[in-house]
Amino acid sequence: MSKLKVAVIGCGSIAIHRHLPEYASNDSVDIVAVCDIVEERAQKSAEKYGAQAYTDYKQAITESGADLVSVCLPNYLHAPVSIFAAENGKHVLCEKPMATSDEEAQQMIAASERAGKKLMVAHNQRFVASHQKAREIIANGELGNIYSFRTTFGHGGPEGWSIDGANSWFFRKKEAFIGALGDLGVHKADVIRYVLGTEFVEVASMIESSAKENSDVDDQAVTILRSENGVIGTLTASWAYKRGEDNSTVIYGEKGNLRLEDDPDYSLIATFTDGSRVNYELGKIQTNDNGGQNSSGVVDHFVDCVLNDKQPLIDGEEGYKSLKIILAALESNETKKNVSL
Amino acid sequence: MSKLKVAVIGCGSIAIHRHLPEYASNDSVDIVAVCDIVEERAQKSAEKYGAQAYTDYKQAITESGADLVSVCLPNYLHAPVSIFAAENGKHVLCEKPMATSDEEAQQMIAASERAGKKLMVAHNQRFVASHQKAREIIANGELGNIYSFRTTFGHGGPEGWSIDGANSWFFRKKEAFIGALGDLGVHKADVIRYVLGTEFVEVASMIESSAKENSDVDDQAVTILRSENGVIGTLTASWAYKRGEDNSTVIYGEKGNLRLEDDPDYSLIATFTDGSRVNYELGKIQTNDNGGQNSSGVVDHFVDCVLNDKQPLIDGEEGYKSLKIILAALESNETKKNVSL
Amino acid sequence: MSKLKVAVIGCGSIAIHRHLPEYASNDSVDIVAVCDIVEERAQKSAEKYGAQAYTDYKQAITESGADLVSVCLPNYLHAPVSIFAAENGKHVLCEKPMATSDEEAQQMIAASERAGKKLMVAHNQRFVASHQKAREIIANGELGNIYSFRTTFGHGGPEGWSIDGANSWFFRKKEAFIGALGDLGVHKADVIRYVLGTEFVEVASMIESSAKENSDVDDQAVTILRSENGVIGTLTASWAYKRGEDNSTVIYGEKGNLRLEDDPDYSLIATFTDGSRVNYELGKIQTNDNGGQNSSGVVDHFVDCVLNDKQPLIDGEEGYKSLKIILAALESNETKKNVSL
Amino acid sequence: MSKLKVAVIGCGSIAIHRHLPEYASNDSVDIVAVCDIVEERAQKSAEKYGAQAYTDYKQAITESGADLVSVCLPNYLHAPVSIFAAENGKHVLCEKPMATSDEEAQQMIAASERAGKKLMVAHNQRFVASHQKAREIIANGELGNIYSFRTTFGHGGPEGWSIDGANSWFFRKKEAFIGALGDLGVHKADVIRYVLGTEFVEVASMIESSAKENSDVDDQAVTILRSENGVIGTLTASWAYKRGEDNSTVIYGEKGNLRLEDDPDYSLIATFTDGSRVNYELGKIQTNDNGGQNSSGVVDHFVDCVLNDKQPLIDGEEGYKSLKIILAALESNETKKNVSL
Amino acid sequence: MSKLKVAVIGCGSIAIHRHLPEYASNDSVDIVAVCDIVEERAQKSAEKYGAQAYTDYKQAITESGADLVSVCLPNYLHAPVSIFAAENGKHVLCEKPMATSDEEAQQMIAASERAGKKLMVAHNQRFVASHQKAREIIANGELGNIYSFRTTFGHGGPEGWSIDGANSWFFRKKEAFIGALGDLGVHKADVIRYVLGTEFVEVASMIESSAKENSDVDDQAVTILRSENGVIGTLTASWAYKRGEDNSTVIYGEKGNLRLEDDPDYSLIATFTDGSRVNYELGKIQTNDNGGQNSSGVVDHFVDCVLNDKQPLIDGEEGYKSLKIILAALESNETKKNVSL
Amino acid sequence: MSKLKVAVIGCGSIAIHRHLPEYASNDSVDIVAVCDIVEERAQKSAEKYGAQAYTDYKQAITESGADLVSVCLPNYLHAPVSIFAAENGKHVLCEKPMATSDEEAQQMIAASERAGKKLMVAHNQRFVASHQKAREIIANGELGNIYSFRTTFGHGGPEGWSIDGANSWFFRKKEAFIGALGDLGVHKADVIRYVLGTEFVEVASMIESSAKENSDVDDQAVTILRSENGVIGTLTASWAYKRGEDNSTVIYGEKGNLRLEDDPDYSLIATFTDGSRVNYELGKIQTNDNGGQNSSGVVDHFVDCVLNDKQPLIDGEEGYKSLKIILAALESNETKKNVSL
């Protein structure tokens, strides 16, 4: 069987640490094109993976013969490039947040549907074992009714991760549109929807940009959410957690609690009202500190969906639902009112 | 020197476990009166502490010769009894939340001022060593600018604490007015103001009453706060944390983090961006599980303020400021808007 | 509803520490008769539980109006007393090992069947949470094929447990018939059948009586078993483990291992070939050291089966199958051949 | 003094990881010949150690001028090559199991005796510090009478160790004759004889080959042993312990227990009936996981025996006694009877 | 056999917590007399142990028919009462320090020798398991040559131990003669002689009385010692270690170190230059905090020596040698010179 | 701004591991000259750091244009080379002990003063975080009055550190003058002065040279000190601590204790009489085992003092005061009398 061909658009950190090595280790795919506006970045990845280097994403998509396109660009380019790829008949794997507005997200979904191609958003946290196990426990009813939760994602900021360091597009509103909320918060919006198996209907939020110099985006946000079935909880995102990354989620239910990625030794700790406690060692979430996630499962899942015509776990609709929570948080901070979804 | 005389109004759990033993172990005070509408409860405490038993609080206050009055009653009685005591020339120590409305709180303050007597609200968490040490670290500038926080107080509910168990006034809106927010949330509103040394100006909140049967008050609340100097954070209160009490506070600053009552071994963990970490073992917060706090420091401080004519650390104004945060949370939940303070 | 009436025959340690308190705390039962050949023992329990004291078991069974009979006697009396009780129309809960020969066991089963009454054998280890969870994991196929196991039960001997200390019937072949194998080994024969969900077809054994003075029964036994589906493993029992009780079971499967009651902190540790590890804290097995098991679940289950006409989890057939393994071990030691079941 | 010369016959894993580096680091020896039927393997080791490469073991032994011969071949070749070496006047260090039958073992011993040369079997576990310390404790009588033991050696199989991986001779009965019992079980037969200082007289065993595909040898065995002085215990060997190697031994005695290589932190834990406990950190047993044992002490001891005309700790007779236990286990599994030694 | 009779002279803490209960639990002894100058103390112990109460030690010794006399008095009375007892034909067990001068010690020894009776000094630390094991390790040569040591005994002072609290004779030079050095230091002088198996020949010391009010004895001392075989080390004693008792000894030798009572978990940790480490859990030294040592082994040893005419482990000469070190320390502090022994 | 130029005299371990890399990583300094009597050592460092190599220290100092001189030579050369450098107008950083006699030290101080240049002694332990924090705690009065201390510095000897191994000048009295006391003891003399903020007035000492062959200097010393304000304590130094380096200090005060570098996990543990305990993780003292200290802070401080004309924390007077304690210890060992300072 001939291999699928992929074009990776954008050669920054997310491409280097995750998309490219994951495609390279998937036996069903050939990396045929890499593209970056900075030519030497494109060249470097091209050499490493035996691909063609491009600086024009349109050429990379149309001329490379790619079947798949990974969009690894600043947020404001997610929609236009994904739509262009879909319109040219490509399956698209787009980084999160999938877009910067409702309209963009809807257009992306529509474009892929018209093309009859897959659209997947790279919410890798759904593939983390503790999140999957927690979803299973809750779905099985082992916690009974769910009452509340807190979920957070914070670290010291993208300076140490982005290929451009402190000059990264992450800090510029024009390109990023959203700061910590878009970088980190949208992950937790997606994962808490996934784990609880419910949709949120109401959002209130407060946002600040006080911790970073030379930045005009939010660097911290505190948000409260209410679900359709009356679960309330907090979702926070921060680039101002200066000591250690925190990617934890705690869920409070009728029959016990779940602590996910909240303990140095255990991925998941389930405690029940009958006095029992179960500690799961399921492998740690990979952090930027240890080189970033390069075996996230995202690419393998995307390739599998294309090869076997499956619906991606995080398709355009799913990515859009998670995005809407973040957009609502931004709106709530502006209007000082709760926003209904 | 002759001893001060105190009348303790209400002989429920807070009186039994905290006020009465703390007065009894203070050498400057005699317990002269105890009062409860349930006569046998009054009798039992009267016998134990060699006091006179009353079932009418007015008699207890006016006929016992008391200098001090401790108000240990359901929330809706805090204001009327405190005001009555002040008007009869007594120094008043009132349980939290000090009142159930702005008007009540203001009247309490006014009554004590007119009488020239002390009014103190029993926010014992200010006397907890970890809270005091954290306040000192922040005031010293060791954390630099403060960015964010989360503070929570949750347990399985007052059923196991209240003298009336599941039939407690805690669950009846008419008497409690506020549920978990008034029982637990107001503690954290007070303590986060104290630790950060700042005032909050904006509150948003979502509240639910889903976890308790036979209750018409909130049993869980998630709240976000913004301070005058731009600190944002979450404050949550719950009677639906079914496994273990959580009374933790985490503070994120420019130079590090503080974790208060968030670790099984250490009362306070300070981590700094220079890589250092300081673990404080300062004695645990006493929990309902281990018999309740009976050496909270509240009574000793109150007595000291009366004896030496000092301003109580939590006087009426302080108690009122903490109350206003909770009242604003209730309002925000109703109006679905942020409430300014 | 009127309560069930129970007669407890034998007032030694197993009655005192387990049967009597468990019946006493079950709201559906009245203890109407206690019987012991040593009159003062019967009197003592009679007083404690408000029952009638007997020294003749036949009277205790027939004259007390009991619906249920617990047989808490030396091994050689299990069969005759159980049969007598069944023949008099009683439901019988008999201690383990249920009998000392095939014939006895078969007669017990037949007697209860004829009477249309329940017969249950008190193999309490089936009610231990780690054993139940392990059975569930294996039944779900989470371990894949099972290859091997080791299960053991050993401690320093019944001297410290039996009401007669070093003079106990446990050490006299005439009354006990079997030593450590009957006291401890039969528990593990039962529990390994239960956990693996398979039956054993072949037994080889070596037995010694070297560790106890003034004893003519086995005080240690090492046994190997083969199941119908080719699982092989070791089952050992000992009264010569002088330091600490060992009640552990380890199961080796295609996809991982289970360690039951083999760790000081965790009741069950499941390790899988995918690298994950799950530690279960499910409450410890109660040991003789900490006063014996007095909330084993055995009595509650027995009463529930009688009240609701359910089949006991360990009915006569089940108890007999576990006994046969022990009898085969004794035979193998004698014949120096493997014994087929 | 001129150095001894050694020829290493067989260049598989045991030669590469243990014999060759141990000879290389012994200052009294020169590696003069290496031999493997796969020429490139011989060449590779020859280059690394500056030796001559052979593909014919007879040439390697007779033409290299070697004084010593290490036999690192599949089991079925141990005897013929060892005998050939002895007949040609060489001291022989043979891997375990020394042979595949009584006759072979006896012939090996006889050949070396006739030649007046040393014969040593590479039972490295006797050189492990915990085994030596346990032997000393027992010999000193600190445990009093010994009652029982369990000893096991299991891991996931030789696939990851053998130079031929899943195609290794280890899985072929014609070449290996014995599987896990010969690879692992014979180690524990030897070490338990050594530690207890006693000989076994009776063996029963059950053996299965259910865990490996493409294998016709035993991959797991459970065995029970009785010693001349009435100690009974279990000896198990497995290639089906899928999670983690287990090389533990536990010994139960009158005055306490010894746990050898059974704890993640301590090589040996001695617990005594007087309540004391002694934890020995003596260096871990090296496992296949960490590259295999390459400082086992075996080669140094062999060289020392040759240089100073000492009797090897594991001479032919000792190796044979350990082998007989394994041969008896195989026989017992066939005959379903206990086998006397 | 008729029992030995003992008179215990002095009914303070050492008698109450150690001598009396140890005699009471020794089957070969009857407590016939107890004596204290405070009559009610004598009465209280007399009642508890069924003895005769005395306030005059001479009567207690001569009129009670005692065979043995325990001297549990302030230091300045050790010699006169011991001598009186010996002169009246009694075996004497005297508390430490045995005397307050060379002359007294010599007279005590002479008196017992003339009487042909035993004299033992109650240096209980020789019976502590870690000290005995360390002595054995050193005597076996396992540490090779010994180079140095540090040994200390310090706590917060005798206020919490003495029956007279802060008014104790311990703080009065006239009665105690020596403070912390006599209370604690002499223990370590004795134990370090015992453990090392050597005698000291040179002492230098600095002493202070700065930590206690209302005391005219030393409350802390730092001392250096040189042994006949060139071992040098520090011996310190203190009543000014305000947080936790420290009773540790560390010994440095050619082949490793020993840490005695220096670790919260292990009584003795032996580390060797070969990399091994052995942790001994031998039971903790009992501290004043946990009620004092009441199973020290001292009384049992004394009784055994009398019954079987053995030489006490710490006879008068041994006690005197340990005392001389302390007397030399006092002298060195005065003269500011090293003192030779 | 032009950079400072430094000449490093002596290219042994202290230069290689500390002075040279610290100068190299300081942006305000250029290493212009390196000097060693062994030419190849000078060459090697010259190449590594782009400096000029010298074998004559006078040339290195006068001809290189250096502003700064680091003296990294055997002890007996510290004074003459430092004086020569000062007389030639250089700022001097001299290794410890600064000299081998009072006269030398005084002349060094005088020479630098005459030249108007800085003289600093490289007592790096003052820069260790735990020492600084302890000094701060004591100075703040948090421990109240200080009563006593013990401070030690010991390891297995300089064999493994010195570039000459067992043939090092460290072992020759003519060049080292002092052994362990000068190598290690003077560090603790300096650091205990610094931490306590007091001066010592009296020293007694015992010294031995028993642990090293081929050495004529002290390899262990036990010393007692008394301060001007009555604090007494022990200071010990050793090259005979064969297992693990010990660089600990313990300080006993009125309100608690401090343990510095005495715990495997915490740099400093403060325990207070109010029951609280604070554990500081401040980074470990670097040991010879882990490559030596190469970020000691010494060079940065020296450079800062020169650049900004500050007084060095350890100037000549400070270094001299610490040296005097060691010289007094040597004298006390000779005279067997206390030496006053």
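Just so it is clear, A, B, C, D, E and F label the chains in written order, and each chain counts residues from 1 on its own.
Please note the rule applied: a contact is a pair of C-beta atoms (placed from the backbone, for glycine too) under 8 Å apart; a residue touches a chain by one contact, two chains touch by 3 or more.
Note that this is a predicted model, so its numbers are computed, not measured.
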Partner chains that chain A and chain F have in common: B
Chain-contact steps, minimal, separating chain D from chain B: 3
Chain whose average C-alpha position is farthest from chain B's own: D
Approximate Å spacing (C-alpha centroids) for the pair chain D, chain E: 55
Between chain E and chain B, distance of the C-alpha-averaged centres to the nearest whole Å: 54
Where chain A and chain B are represented by their mean Cα positions, the distance between them in whole Å: 41
Contacts with two or more other chains, residues of chain A listed in rising order: none
Touch-based graph of the chains, sorted into line, ring, star, complete or other: ring
Cyclic chain order when read starting with chain E and heading to chain F: E, F, B, A, C, D
Of all residues in chain F, those that touch chain B in their complex: 129, 266, 275-283
Chain A partner contacts - residues on chain B that touch it in the complex: 145, 147-148, 150, 152, 154, 202, 204-208, 210-211, 220-226, 230, 232-234, 236, 238, 240-244, 252-257, 271-273, 332, 336-338
